[in-house]
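To start, the structure itself, in C-alpha cells.
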Amino acid sequence: MNPVNYLYLAALLFTIGAVGVLIRRNAIVVFMCVELMLNACNLAFVTFSRMHGNLDGQIIAFFTMVVAAAEVVVGLAIIVSVFRSRHSASVDDASLMKL
Amino acid sequence: MNALTVHSMWTTAAEPLNKIPAPKIEYVQLAPVLIVVGAAVLGILAEAFVPRRGRYVTQVFLTLLALAASFAAVVALAAGGYGTTKAHIAAMGAIAVDGPALFLQGTIILASVVAVLTFAERRLDPADHGHKVDSFAAEAAAVPGGDHEKAAVKAGFTTTEVFPLALFAIAGMLVFPAANDLLTLFIALEVFSLPLYLLCAVARRKRLMSQEAALKYFLLGAFSSAFLLFGIALLYGYAGSVSYATIAGVVDGSVGSVDPALAQTMGNDALLLIGFALVLMGLLFKVGAVPFHMWTPDVYQGAPTPVTGFMAAATKVAAFGALLRLLYVVLPGLTWDWRPVMWGVAIVTMLGGAIVAITQTDIKRLLAYSSIAHAGFLLAGVIAATPSGISSVLFYLGAYSFVTIGAFAVVTLVRDAGGEATHLSKWAGLGRRSPLVAAVFAVFLLAFAGIPLTSGFSGKFAVFKAAAEGGAGALVVVGVIASAIAAFFYIRVIVLMFFSEPKADGPTVAVPSVLTTLTITAGVVVTLVLGLAPQYFLDLAGQASVFVR
Amino acid sequence: MSFPLLTVTAAVPAVGAILTAAVPAGRRTAAKWLALLVSLATLVLAGLVFARFEPGGDRYQLTESHAWIKDFGVRYELGVDGIGVALIGLTALLIPFVMLAGWHDADPLETSSKRWRPTQGFFALILMVEAMVILSFEATDVFLFYILFEAMLIPMYFLIGGFGDRAHSGSDENAAAQRSYAAVKFLLYNLVGGLIMLAAVIGLYTVAGNFSLTEIAEARANGTLEMATGTERWLFLGFFFAFAVKAPLWPLHTWLPNAMGEATAPVAVLITAIVDKVGTFAMLRFCLGLFPEASQWATPVIVVLALISIVYGALLAVGQRDIKRLIAYASISHFGFIVLGIFAMTSQGQSGATLYMVNHGISTAALMLVAGFLISRRGSRLIADYGGVQKVAPVLAGTFLIGGLATLSLPGLAPFVSEFLVLVGTFARYPAAGVVATTGIVLAALYVLVLYQRTMTGPVKEEVRSMPDLRPRELAVVAPLIAVLLFLGVFPKPLTDVVNPAVRHTMSDVGKTDPTPEVPVQNVEAAK
Amino acid sequence: MDNLIALLIAAPLLGAAVLLCGGRRLDKTGHWLGTLLAAVSFATAVALFADMLGKGADDRAMHQRLFSWIPVEGFQADIAFQLDQLSMTFVLLITGVGTLIHVYSIGYMEHDERRRRFFGYLNLFVAAMLLLVLADNYLLLYFGWEGVGLASYLLIGFWQHKPSAATAAKKAFLVNRVGDIGLSIAIMLMFTTFGTFAFGPVLASAENATEGKLTAIGLMLLLAACGKSAQVPLQSWLGDAMEGPTPVSALIHAATMVTAGVYLIVRSADIFNAAPDAQLVVTIVGAVTLLFGAIVGCAKDDIKKALAGSTMSQIGYMILAAGLGPVGYVFAIMHLVTHGFFKAGLFLGAGSVMHGMNDEVDMRKYGGLRKYMPVTFITFGLGYLAIIGFPGLSGFFSKDKIIEAAFAKGGTEGWILGAVTLLGAAVTAYYMTRVMLMTFFGEKRWQPDADGRPPHPHESPKSMLVPMILLAVGSVGGGAVFEFSGFTEWLEPVTGFDHGHAPISAAAVTAATVAVMVIGVGLAYLQYGRKPVPVVAPRGSLLTRAARRDLLQDDLNHAVFVTGGTHLTRSLVYVDHTLVDGVVNGTAASVGGLSGRLRKLQNGYVRSYAVSMLGGTAVLIAATLLMRAV
C-alpha cells in the first residue's frame, strides 16, 4: 500500500485538530485537539521516514512525544488553576483582557 | 520500496553496538547553554532542599552567577575566534557556533541579567505580614483570594521557582538562534516557551488576568508550535533530513538524490513551500508579527511586569535569531519566494502595530503594540537579505531589548492601591510629581520613537539603511510613515506625564531597591551610548554577521 | 590640529544646560544667572567665530572633521560659510535677550511640588536649543545636521508645552489642553517632515555612500557621482518638505500660529526667530547644494508657494484677534519672502534672504518681546482688550511701534534692506513674482498699523489705566535690539561682506548667474 | 564745502534723536533745542547756497559720499548726497519754512504736555525731507520718502487719544504705501534696465532704453508721486490729515512733503522726456486733481479742509506743469516754492484763527474776525491775494507761467489743458474768496465750544506772528524775485528748459487769467459777501454734497477696499482653520478611527485569535505558492 496515503491521513488529522481548536470551548478539549495536531505531525514524520528509508523521522517522533508530554504537564497545570479560580474551563470566559 | 530494503534497515539498526560511533559533543563550545541548564537544575534542587528562608537569596545568587559565567563563556568563545574564523557546526550538526549565535546569546544573557534583577525586586510593594514581597504570587497553586492563599501570604511564601524557570527559558533561548537543525529548533522553542507560559501565570496582583494570559499564551503557543512541527515534517519529507545544511543543499540542488526514494519527493516543491510557510508562521508567532500577534497585548498585559519585560526583550532576540538563520542558511536559494511574502508581513506589521497602538489606554498594552511595530521594523532589516541587513538586525535587537526592559521596569514603579497603575489616565502629571522617573521613561519613549541621539534612532537608521541598500526602498517609506504614526502615541504619553495636571488620587512612585535601579540605569546608559556613539557595537554586529553553513 | 572653535561654541551652551538643570530646586535665581552668563559666553564665542572668519577665504572655514559612525558613512564634520556665521551670530545674540525677557516666566507656582524645578528646566532647555541650533548651522555632514534638526524638536516641544503663556482666555484646564495641542501639533508636523527627510537621507546614502556635503558636491562636480534625474528630484522633495514644514511655507504653516500663540513670548521668539531659521538655512545649504538641478526644476512651484505665503500670511495677520497669532501670521508672510529670495536664484535674492533671516529674527524678537511685556501686564492676548496704552506707557508703546515699523520694513531699519534685496532679486528673474510680492509691503503696513492703532491709541481703556511702563529689565531687553535694528538698517555692510561670498558659492552650485541689465550705462562723467 | 551737506541732515536728525530719547528732563528746553537745530540746518543751507552761487552754472552740483549702504554684487547702493540747483531750492524752502514753523510751534503747542515729542517729530521730518531731496540715488530717496511718510504719520496722529486722528494717520501711511509700491517697482525696473539706480547714470543713459521700459518706469514714478502729493486717485488721505496740529498741516501737508511728488517727477526729467505717453498721463492726473481739489475746496466748511483742497489743486498745477516737460519743469518748481510760502502762510493764519477761537475749525462759526486779529488778517489776506494770482504777487507769476505753458503744449491737448488751468484759476479765486469772507468779514457767528466757553478772539503771541509776517513777505515778493532774478537760468542746467511757443500770446494769457480771477472773486462775493452766511450749512446742490464728501471718493475706497478686504480676510481665516488645518486634523482623525476599528478585532477570545493565526497561515502558504507559480 502506498505510504503517501498516510500523509493524507496525517493532513486530515492535523486539519481536524486545527478545526477543533477553533470550534471547541472547553480548554481541555482545545488542548486535546492540539495534541491531536502534534500526533498528526508524528504520523507524517514516521511516514516520511519510511519513504526516505532513514530513521530521523522516527527519532523525531519520539522527541515530539516527550515534548507533548511536557506540554501536557504545563498545560494542565495552567488549565487546572484557571478552572479552580473561575470554576469554568471555557476559554471564552477567559476574556478579561481585550481591545 | 520492497520488503528487503526495509529488512536491511532493521538489520543495520541491529548491528553490534561497538559499530555505532559515539556522538562527538564539543562541551566547551556549548558551555554557555550547559552552564545555564545546569544552574537551572541546581535551582530545582535548591527548591527541594534549601529551607524556605534561604531560597530567595540562594536562587538570586545562583541565577546571576550562572548568567555571569555563561556570559563569560560567550565572551571567551568570541575572543577565541569562534565568532569568525573558527565558526563551525558543533554537536553533530545540531548547534552552530558562529558570529550571530554568539552575539545573540550574549545579548540574551545580558538582557536576562537585567530582567532577573527586576524579578528579584522586593521593595516596591509594602511588606506583607512583615515579609518582603516581590511581583510573584505567594503560592501560584492557591486559588486567588482563597484561604489557602491568605495562609501562604501570612506565612510569607514566595514563588522562588521563577528563577529556575527563567533559567530554563534562557537556556532554550540560547539554543534557539544557534539551532542548526529543525529538530533542535523545535525542542529549543518548547524549552523556552513552556517556562514562559508558567511565568506568565504567577503574578501576585491581578491573578485572574495573569492566569488568563498564561492560558491564552499557552493555547496559542501550542497551536503555533503544532504548525511549526507540521512544517518541519513537510520539510523533512521534502529533503529527507532536518539538518539545515542538507535542506539548503537540496533546495539549491547541490545535493543530488541520495537514494531513489528521496528523488520522488525532492522534485515536489509543494512540500518545500508549504513546509517553509508553516515553519515561518511558527517563528513569526514568537516574533509577534501581524497577523500572528494577537496574543501579544493580552499576554503582555496579564503577565507579571518583570516577566513581560523579559519576554518582550529576550524572546524577540531569540526568535529573530532563529528567523535570520532559517532564512539565510536554509533558504537562501528560496530568497525570491520568501521575500515578497515577508514584504507583506513587514508592512502590515509596521502599520498594524503603529495604528492600533494609537487608541490604547493601558501602558502595558501600548508597549505591546509598540513591540509589534518594532517587530515590523526588524523584519524590514531581515528582508534586506544582505550582510548589512543581518548586522543591522543584530544591532537593533541589542538596542531594543534594553530599552524595553528599562521601560517595563519603570512601569513596575508606578503603583497605587491595586498594584501597578497601568491605566494611562493614572500617569497624568507624573512629570510634576516625580520628574526623574518621568524623564527616564520619556527617554525610553523617545528611543522607541526613534528620535535621534537615542539607540532607537541608530537602530532604525541601520535597519532602514540596510533595507534601502537591499532594494526595499518602498519598505523604508512605509516604515517612515509607520514611525510617524507611532511617534504620535509615544508623544501622547509624554504629554500626559508632563503637561497635564496630576490627579489627586494619582499613583505614587515607589522608590526601588538597587536592583531595579540598576536595571533602569543600564537601560538609560545603553540607550544613550548606542545613540551617541554606536560605532563600536555596529562593528561588533558587523563582525558577527556571518552565518556558518 | 587647531583649536576646535566651532565645537566649543556649541558645547558651551550644551554643558551650561546640564549644569543649569542640575541646580537644586531652592536656587532658582542662581540657575537663571548661570544660564544667562553661559549664553553671554556663547555670544563672545560667536563673536570670535565672526572675527576668525575671512570673507575672502575658503568656502567652509574653521573646519573640523572626526570619524564618528563609520558604518553609516557619517563623520563629525563642522565648518561655517558666511551664511552660517551670520545665523550663528543671530542665535547667540538673541538667546540672552530671550532669557532676560523670560526671566520670570518659569517661576514655579506655589501649588507645585517641591521637587518640580520648572525654572531650571526652562533655562536649561533654552540653552540646549541654542547648542543644537548653533551646531546645526555648523554641520557640513548631512547626517549630523539631520540628527540635530530632529533632536532640537524635543527641547522645543517641552518649552512650548511645558511653559505656556500664563495670559490666556478661559479656564486653566482649557488653556493646558490648547497648549499641549499646540505642542503636539508642533512636534508632529516637524517630526513627520523630519521622518520624510530621513527617508531621503537614507536614499542619499544609497546613492552617494557618504554624507559629507563637501565630498558629495565635489563628486557631483567632477562627475564621479552620477544622480539620476528622477532620484535627485525625489531626494530633493524629501529634504525640501522637511524644511518647508520648519520654515514654515504655505500650506504647511498651521502649526506656527498655535505654537506661537500658546507659548510664552520668549519661546515664541525662540521658535520663529531662531529655530525656524534652520529650515530656510537648510534650503539654502542642502537643497541647493546637494540637488541643484532638482532645485531649479522645482523653482516655479516653490516661487508660487512663497508668493501665496506672503500674501496669505499677511491677509490672515490682518484678520487675527490675538496679538501673538497676528505676529505669527506676519512671520509666515516673512518666511515667504525668505523662500522667495532663496529660489529667485539671484545673488541679491539669496543675500537678501540670508539678511532677511537675521533681520526678521531681530525685528520679530523686538516686536514679540514687547508684545509679551504688554500681555503680561494685562493678562490677555486679545487686541480688543487694549486701547490707549500709548498714553499710560509711552515707552512701551514707542518700542512697540518701532518693532512694528521694523516688521513692515521701514527704510532705516534692518528688515528694509533685506526685503528690498529679495524683491529686487526676485524681480530681476521673475518680474511678475516681484510685483506680486511687492503688495506684501502694503499689507504689512496694514496689519502693523491696525494692531498699533487698536492697542496703543484712542481713549485709554479702564483695564490699562494703571499699566506700568517698561521696567529697566525689559528696557534692557528691547533697547539693544532696536539699536541693532537701526545699525543694520543703515550700515549692513559688515553682514553683506560675510554673506556675499557664501552666496557666490551657492549661485555657482546651482550654476546660475545674475541677469544682466539691458542698457549699458554710460559713465557718469560723460553724462554730467 | 561739499562735506557740509551731511550737516544739513545731521543737525535735525540729532535733534530728533535727543528729543525722542531724552526723556522728561528735556521738557523745559526741548523746543528751543529743536528750533535751534532746524535753524543750524538753515544756516548751513544758506552758506552752501552762497557757495553755489559763486560757481559757474554748470559745475554747481556738489556731491558727498559717506559710505556704501547695500553692496550686493551688481546692486550697489551708497549713502551719498547730491546737492544741485534743484535740491538747493528745496533745501532752502524746507529749512527756511521749516525753521519758521518751528518758531511758530513754540507758541502754538505751548499748552501741550507732549511738546518735546512734537519738536522731536518735526526735526525728524526735516531730516527725512532733506534726505529725500539730497539723495543721489533713487533708493536713498526712497529712504527719505518713507522717512517723511513716518514723520507725517506720527504728526498727523500726534493727538493719538483722538480716534479720528489715529485713523487719519493710519490712512495717510497706508495710501502712501500704495504709492511706495510704485517707487519700489520703478527702482527695480531701473536696476534691471540700467543695472543701477543712481541719478547720474540712470538719467544720463535714459534715452538708450526702450520707450516701453521708460514709460513703465515713468508711470510707476507717477504712482509714487500720486501717493505722496495727494493726486487722484490717491488723494483721499490729505483731507483727513488735517487732524494733525496746524503747524504740521502747514509744513508737511502744504509747503514741503506733499510737493515731493513734483520733485520726483522733475528730478526724473530725462526719463519722462523720453516717454511722452507717461508725460501725457502725468498731465491728465494733474489736470484732474487740479479741478478735483478746487471743487472740494469750494464745499468744505472746515477751514483747514478747505485749504487742504486748495493744496491738492495747487499741486495739481505743479504736476500738470511737470508733465509738460522742459516747458513746464521750471514753473512747476517755481509755483512749488511760491505755493510753499503762501500756503504755509495761509495755514499758519488759519492756525492763529483757531488758536483764538478755542480750536474751532468751522468757518460758519467765524466771521468778522478782521477787527480782533488784524495781523493775522493782513498776513492771511496777503497769502490770499498771492494764491488767487493777484497781479504782482508771487502766485500771479508762477500760475500764469503754468497756464501759458499748458497752452504751449500745442494741439487740442494744449487747448484742453489751458482751459482746465484757467478754469482752475477761476475756482481758486472763488473758494479762497469764500474762505476769506466767511472768516474775516460778515457778522460774528461765534458759538460756545463743547465746554460751553464762548470764544474770545485775540491776536496770537509773537512767536506765532513773526513767522506769519515773514511768510507773508515771501508770498508777496517771492514771485517777482524769481521772475526777475532768472530762476529759469538757475534751474536750467538740471531740468532743461525751452520756451514753448504758445498759440496765443503771453499777454493774452495773462489777461485771461486776471479776468477769470476777477470772475471767481465776484461770484464768491455775490454768494458770501452780500447775504449773511448761515451757521448751519444748507443742504446744497448734489455737487456740493458730493464735494463735501470728497466727491464720494472715500466712500468708493471704503466700499471696495475696506469692506471687501474685511470679508476677504474673514473668509481666509475661516479657510485656514477649516480647510488647511482641517485636512491635517482630518487625516489624524481618520487614522484614529481606523485604529478604533482595528482595535475591535482584539476581542479577547482565544479562538478568534487562533482563527486569525490560521487565516494568516493560509495566506502565507497561498502567497508562497503563488510566488512560485508566477
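Going by the order they are written in, the chains are A, B, C and D; count residues from 1 in each one.
Just so it is clear, a contact is a pair of C-beta atoms (placed from the backbone, for glycine too) under 8 Å apart; a residue touches a chain by one contact, two chains touch by 3 or more.
Since this is a predicted model, take the numbers as computed values, not measurements.
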Each chain counted as touching chain A and chain C at once: B, D
Busiest interface, judged by C-beta pairs in contact, is C-D
From the Cα centroids, identify the chain that ends up most central relative to all protein Cα atoms. C
Dist(centroid_CA(chain B), centroid_CA(chain D)) in Å evaluates to 81
With chain centres defined as C-alpha means, what is the inter-centre distance between chain A and chain D in Å? 97
Using Cα averages as centroids, what's the distance between chain A and chain B in whole Å? 24
Can you work out the whole-Å distance between the CA centroids of chain B and chain C? 46
Chain C: which residues touch two or more other chains? 188
What are the residue numbers in chain A that touch two or more other chains? 18, 21, 30, 91, 94-98
Residues of chain B engaged with two or more neighbouring chains: 215-216, 219, 223, 227, 297-298, 488
Pairs of chains found to touch, sorted by chain label: A-B, A-D, B-C, B-D, C-D
Quick check: in the complex, which residue numbers of chain D touch chain A? 599-600, 602-607, 610-611, 614
Show which residues of chain A lie in contact with chain B when the two form their complex. 7, 10, 14, 17-18, 21, 27, 30-31, 34, 37-38, 40-41, 44-45, 47-48, 51-57, 60, 63-64, 67, 70-71, 74-75, 77-79, 81-82, 84-86, 91, 94-98
For the complex, which residues does chain B have touching chain A? 1, 5-6, 9, 13, 140-141, 143-144, 183, 186-187, 190, 194, 197-198, 201, 207-209, 211-216, 218-219, 222-223, 226-227, 229-230, 232-234, 236-237, 240-242, 259, 261-262, 264-265, 297-298, 301-302
Show which residues of chain D lie in contact with chain B when the two form their complex. 588, 591-592, 594-596, 598-599, 601-602, 604, 606, 608-610, 612-613, 615-617, 619-621, 623-625, 627-628
Partner chain D, residues of chain B touching it in the complex: 215-216, 219-220, 223-224, 227, 269-270, 273-274, 276-278, 280-281, 285, 290-292, 294-295, 297-298, 336-338, 340-341, 344-345, 352, 355-360, 485, 488
